[in-house]
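Below, chain A partners chain B and then partners chain C, in two separate complexes.
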Partner chain A sequence: MRHLVPSAAAVAFLIAGCGAGDAAGSSAQAGGTLTVAVTSDPQCLDPQQAGSSDAITVNRQFVDSLTDHDPDTGKLGGWLATSWEADPKATSFTFHLREGATFSDGTPVDAQAVKDNFDGLVKLGAKAVQAATYLSGYRESVVVDPRTVRVEFAKPNAQFLEATSTTSLGLVAKSSLAQPAADRCANGVVGSGPFLLEQYTRNQQVVQRRRDGYAWSPARITNRGAAYLDRLVFKIVPEANVRVGLLESGQADAVLGVGPQDTDRVKRAGLVISARPNPGLVYGINVNRSRPLVADGAVPRAIQRAVDRRQVVDTILSPDYHPATSVLSAPTLGYVDLGGKLSADPAAATEILTTAGWVPGADGMRVRNGQRLSLVVRYYTPDSGLAQSSLELIQQQLKKIGVDVVLKPTPVAQAIQTFKDGDYDLIWGNASAADPDILRNYFTVQGLNAVRLTAGPLQDALYAQAGEGDPARRAQQVALAQQLLLDDGWAIPVYEPTTVVGLSAKVRGVRFDAASRLQFIDVQRAGKGGK
Partner chain B sequence: MTRYVAQRAVRALFVLWAAFTVSFAMLYLLPGDPVSVMLGGSAGTYTPAQIDDLRSQYGLDRSVPGQYVTQLWHALHGDFGTSIRTGAPVAPMLAQALPQTALLALTAFVLAVVGGLGIALAATSSRRPAVRQVLLSLPGIGTSVPTFWVGLLLVDFVSFRWRLLPALGNDGWQSLVLPAVTLALPCGSVLAQVFAKSLRDTLREPYLDTARAKGAGRARVHLRHAARNAALPAVTLSGIIVGNLLAGAVVVETVFSREGVGRITAEAVLGQDIPVVQGAVVLGAVGFVLVNLAVDAAYPVLDPRITTGRPVPRKEADPRWSI
Partner chain C sequence: MVDLTAPALAPLRRFDLVLCGLWLAVVAGWAVLPGVFSRQDPLAGVAAERLQPPSLRHLLGTDHLGRDLFARVVHGAALSLQAALIAVGVALVVGSAVGLAAGSLGRWADALIMRVVDVMLAIPALLTALALITALGFGTVQVAVAVGIATAATFARVMRAEVLRVRAAPYIGAARCAGSRGWWIALRHVLPNTAGPVLVLAALEFGAAILFISTLSFLGLGAAPPAPEWGALVSGGRNFLNTAWWLTTLPSLTVAGIVLAANRIARELEHRRD
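Presenting the complex of A and B:
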């Protein structure tokens, strides 16, 4: 008897991204149930503790945030706070709250509630792993009056304002804050969002019900009142194949985690693909500069020009994806378009190598001082398959300029040890984040320092942006950091992580938020409502 | 009889302890840690202090022998700790999922026994060599196709194309059909293979010639005389099949997105959620041990010689064959 372990179940760990778009539909109407197939169990129904991408999508509907990052304009707008001020040192932020917003237990979303939430998040500590990063240096919140709260930090925290728009800093009622962390995960929380938890069956489904009387959606949302749908059902379906089949056969109205191999099938079935790049670090190769072959930066700079990103997107991915144009993806705050530095130019790459003393050796790979140019690139498994196939194509591209690349799949369970050991020349990866401070987290000793960055102009820029309260001056530092990361050969960006969603043609109004998680308050179904 | 059962019960307890200990050792000797799995490739964006906080919150910084003793003591009291990933207590989590898996496994088991034994009986009793050949080759196909693939095919045709049954979930008998058939297929096939072989061997025994000579009809020879004696290997196998059903549930529950112990196990293994994996291993071992105890208890009923413990040559005349 044999049982194949479903490698596709591993895809449960697939990073989902973002996207925006409406599916055209006729005679849409209020009511009904929308069924969404997601890739993995949310594990935790507390937005403040939820970690995985699918968990954040499920949890996004329960809570509102202080601010709203408009995915189209990139501007921070009001939500539970209508306006705010920050001091120039980025240590003190004052929020003015809107009137009338309540949690679903009837208690008001007031200054005390905001204070209780931030205090509670700090108490959750490592359990709220995202929030812990966002609230780094938190000192206290001061209730100025019932509608005004001031949040203070012991050290500059420039990314905090952006962070207040995330699901991780979504606000919950006092009754939930009083619960133990594990109970909040298992039973959900009381939020002020457009949907309420109705039922959760582990590994099967999360059923949400419309909150009547909801009237405080962000300004960019067309629907000013309660959600149109009666119910929202998230079905947990680990198999990519089954998810697409559910959509095709009408058993689901929307599916997350549509892989490049499935997009044609979805389109042929007359369904709609909606995609949006995820903010954060793009998929790419980062360079461990403590290793001898890449230490002087010449080889990484050559690889930078030898990688044909367009070919990777055309061959491995789908038209929904875009080649990277910086180490940050386009929707990330502070992103600058450096695409001109990243066009494929094998001749330029060859010249960099030759100038640096690397000459063709006996087997076609280059050598210098008797050392063969062979680099180890690690990537983490389980992998959706995209890392491996992208790296195999890049391996071919680099072979042409005489650079040998050896792929080393590494179990994700060893990720921390791998970063600490640094037993690699190159490492594949990405990270989701709305704020460019992710660069400091990934590329400096304040994180695990995957690239072994040492003191210098790049480190200065990364530290400076974190404490810069003036948005324009901060943007300058972020732009400088992106430029140095590419020019000095620390990072070789490849493609933008992208959330690809399949939608039934009957559905309209599915929106992406700035983090590329779906929002359902505007969603209507054509034809008969419920199922 | 009492001594026989007591002996088996002591062995069963040893198996449970061994399952707990071996799974503990394996999980703790594996390189890697649950915090890495949780943070994934973006682990590199967290500070060493944050990572240490996480490790200590999940109790991963305690000494391994200390953890073993504490966990074994708690496990003896039915407490398997809390999930690293969700913080939920493990025992209730498994207890809640168990009925779904039990229902699935039981249905699959019944399908496997009825289908497997049915095919074997049909094949050995058929007078036409062509029919017999086709029927005998079916189980071979059933054991060689991967469960995972069969499940996907069934979902694709029965649910997505013909829209006869739901593709997933735990709602009612309709959602049970496809997973149970998928799970039953490899088990039923093995049962059919073993039972058909044993039936053919038994049918060649001299005592059946005697039965035929005394004028017993074809059906009587087959069902009354041969089947009972031929059933022993199949009964032994049923015990093993239950183990395979639990393993198969991991795959089937994932393909059909069902709630159940198999699905919890799969997720826990991928996430290195050690307490959950241990709970699932021990639960699986309990199931396996109980079924095998039942099988051991069934032997003496099928073959009274077994209780006496006296060695009996296989071909010795069976007192029951006289007509």
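Presenting the complex of A and C:
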């Protein structure tokens, strides 16, 4: 919970609009255009198919979800559904929908629309990669009455309720469901969200327009009606320097992906940095235990103690980031603080290696039975520079205990194949998700199978939590899984992924949702609105 | 415009030539004996000394992990120069062989080979190199071979022109009358007499090869980090343009200086030959 406090403070700060922005003119007003610089092209303007973090931010504005996860309290609240019930086995969920919500083509958001969406998502299959994991075991949706829908699963799906708050399960109109998947990506979809697509120029910008008459924002949003802004322009600016330059020169009002090297500079210029750790799997090194050098677990356990997470954060990142204290980041459901296990202790690491029979070799790296302790770590490119820098620093830290690490940059387009081939000892990565089921999706054979997890208490815990309808018992399984992942050396967490946003002092009301994506319905600009 | 070929400027021309030569000799020294030029570790940094501007202790400053940038530039010379040599070597051998074959075989074989060469020339070399790296995989040697093959077409064309020129010479006719076989004439009589222009071209291409290889390593296709390839150094500093100008600027200037010097010397060789 440690991290929720500063993030709540940041949001409060933005709502109150104190500081430079307030002095400039308290006459925040409706209208105007907000320009947001994002790091990459969204590639797809269908929220149900969008994958990358920036794509989800762009798509978040088009659609609403059944439920809303409050980032401050961690509680699930109503959005398109006002209430819901789940059976204790987590196989059947009944949603009661609100009155009056419509898609932007005028059709109602009713039980049939919900059913059509879930049926359509299952049909999209691997094209809706996030949704496919959320809906695993989906059997059918039953329209009980126009305002009530029951979603049924063939096997327990404990994370489904949480998943209904995500952009990936945002609802689109029937007219969009009828379109081929590729057309939806290229032309956008008809949603019920506070903004509509006006224009999309690939690799340049996405322009969104306010939807007038919108009146069903989640309860935690102050603005009960349509968005204040007339337009929202997402400019695609891959270079971190240029994004910061746009913010400084006033050509952008908000920028995503402010690099740690630029945060001081942004603050000095009187601009606002807003940061929130992303829920999900933290950045770290995960260990492919099917490989001989790490199979017995001694080497990963040694690495666990040798990695100095504090040094990584202090050297490469900024104070907005935090060293990992578990495989899950603090805002994730079910997170437990295991920071005590993750303090750097090179002496203990050396001890583990020596006990396991690894002795210093000719070049300083350890050897056992004539085998040199050299591990291949893969990471995906293009990279903002943080993965490579972190790994270069960890490489130096591990060199001190006699573990050689070879960096292998791998194109992200080959990610699926890379996980399938398993041609690595270690893999760097993270995954955003509000629900701890991400652990099952990342580590077990039911998902990416990144570490070649074998049968045992850990696998049992990961499978059990997925089917556990009782929150308290589920939390126990999740806590056990986090502990075993660290103790047995499957995962070596390093730092918490963090969304760092730079904002002009004139802007207020930019909000993070629970997944640390931005929401713009509350945004107002101080002074004269338009551009 | 000052006419640099004016006789009065000859000493000046000589001077800049000497300067270029000295500079390249120093860079070659970096490649062979990096330890003599920099005693600091190019791979292990001191976190406390991160992002320091150029100073006497760190001639070119330090990077975000506290590594001495001068040490990295010096140690990067071996990788980058080696790659350039391999690239030019591959281009020279492959290009010359193709050009020699085209010029010697003549007729339809010539037409066929040269059309393929035309196609190669029509595609930007960087694009060809990128495609080849996709097939060959990442790494310094792979990048070097890809650049070599991508630039071989230039050599093939120069070689073929030279072969056609030499083949018209009377001594070739004499050799043929003496009963020498075609391949023997090509290797023994034609090849040695075409070497001049092709070797000058190789010198010229050397500078271009360094630039090519730096470009590809800038794109992250070269040696795996933390190897200090020049292109990777320029690329690694990009995020710090706002805060640590030296990280990108100084390695870039180094590469620019080397390419200019190599070109200057190659041009001189070209003039001498003419």
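Note that in this section the second predicted complex is superposed on the first by the 499 of 531 C-alpha atoms of A that agree within 3 Å, B and C clash if a C-alpha of one lies under 4 Å from a C-alpha of the other, contacts with A are read in each partner's own complex, and residues count from 1 in each chain.
As a working rule, a residue touches a chain if its C-beta (ideal position, glycine included) is under 8 Å from a C-beta of that chain, and two chains touch if they have at least 3 such contacts.
Just so it is clear, the structure is predicted and the values come from calculations on it, not from any experiment.
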item: Touched partner set for A:381, first chain B, second chain C, both or neither; value: second
item: Residue contacts with chain A in the superposition, chain B compared against chain C; value: B
item: Which of chain B and chain C A:431 touches, first, second, both or neither; value: first
item: Which of chain B and chain C A:261 touches, first, second, both or neither; value: second
item: Partner chain(s) touched by A:241 [first = chain B, second = chain C, both, neither]; value: both
item: A:148 touches, of chain B and chain C: first, second, both or neither?; value: neither
item: Contacts of A:223 with chain B and chain C, given as first, second, both or neither; value: neither
item: Which of chain B and chain C A:204 touches, first, second, both or neither; value: first
item: Footprint overlap on chain A, where chain B in one structure and chain C in the other make contact; value: 239, 241, 245, 382
item: In the complex with chain C, residue positions of chain A that touch it; value: 239-241, 244-245, 259, 261-262, 265, 311, 314-316, 381-382, 384-385, 388-389, 391-393, 395-396, 399, 406-409
item: Complex contact set, residues of chain B against chain A; value: 30-48, 50-51, 53-54, 57, 82, 85-88, 93, 96-97, 143-144, 146-149, 152, 155-156, 159-161, 163, 166-170, 186-187, 189-190, 244, 247-248, 250-251, 253-255, 257-260, 263-264, 266-267, 270, 272
item: Contact footprint of chain B on chain A as seen in their complex; value: 1-6, 9-10, 12-13, 15, 40-41, 43-44, 51, 125-127, 129, 132-133, 181-182, 185-186, 201-205, 235-239, 241-242, 245-246, 248-249, 251, 380, 382, 411-417, 419, 428-433, 438, 441-442, 446-450
item: Interfacial residue positions of chain C with respect to chain A in the complex; value: 43-45, 47, 50, 64-66, 138, 220, 224-226, 236, 238-244
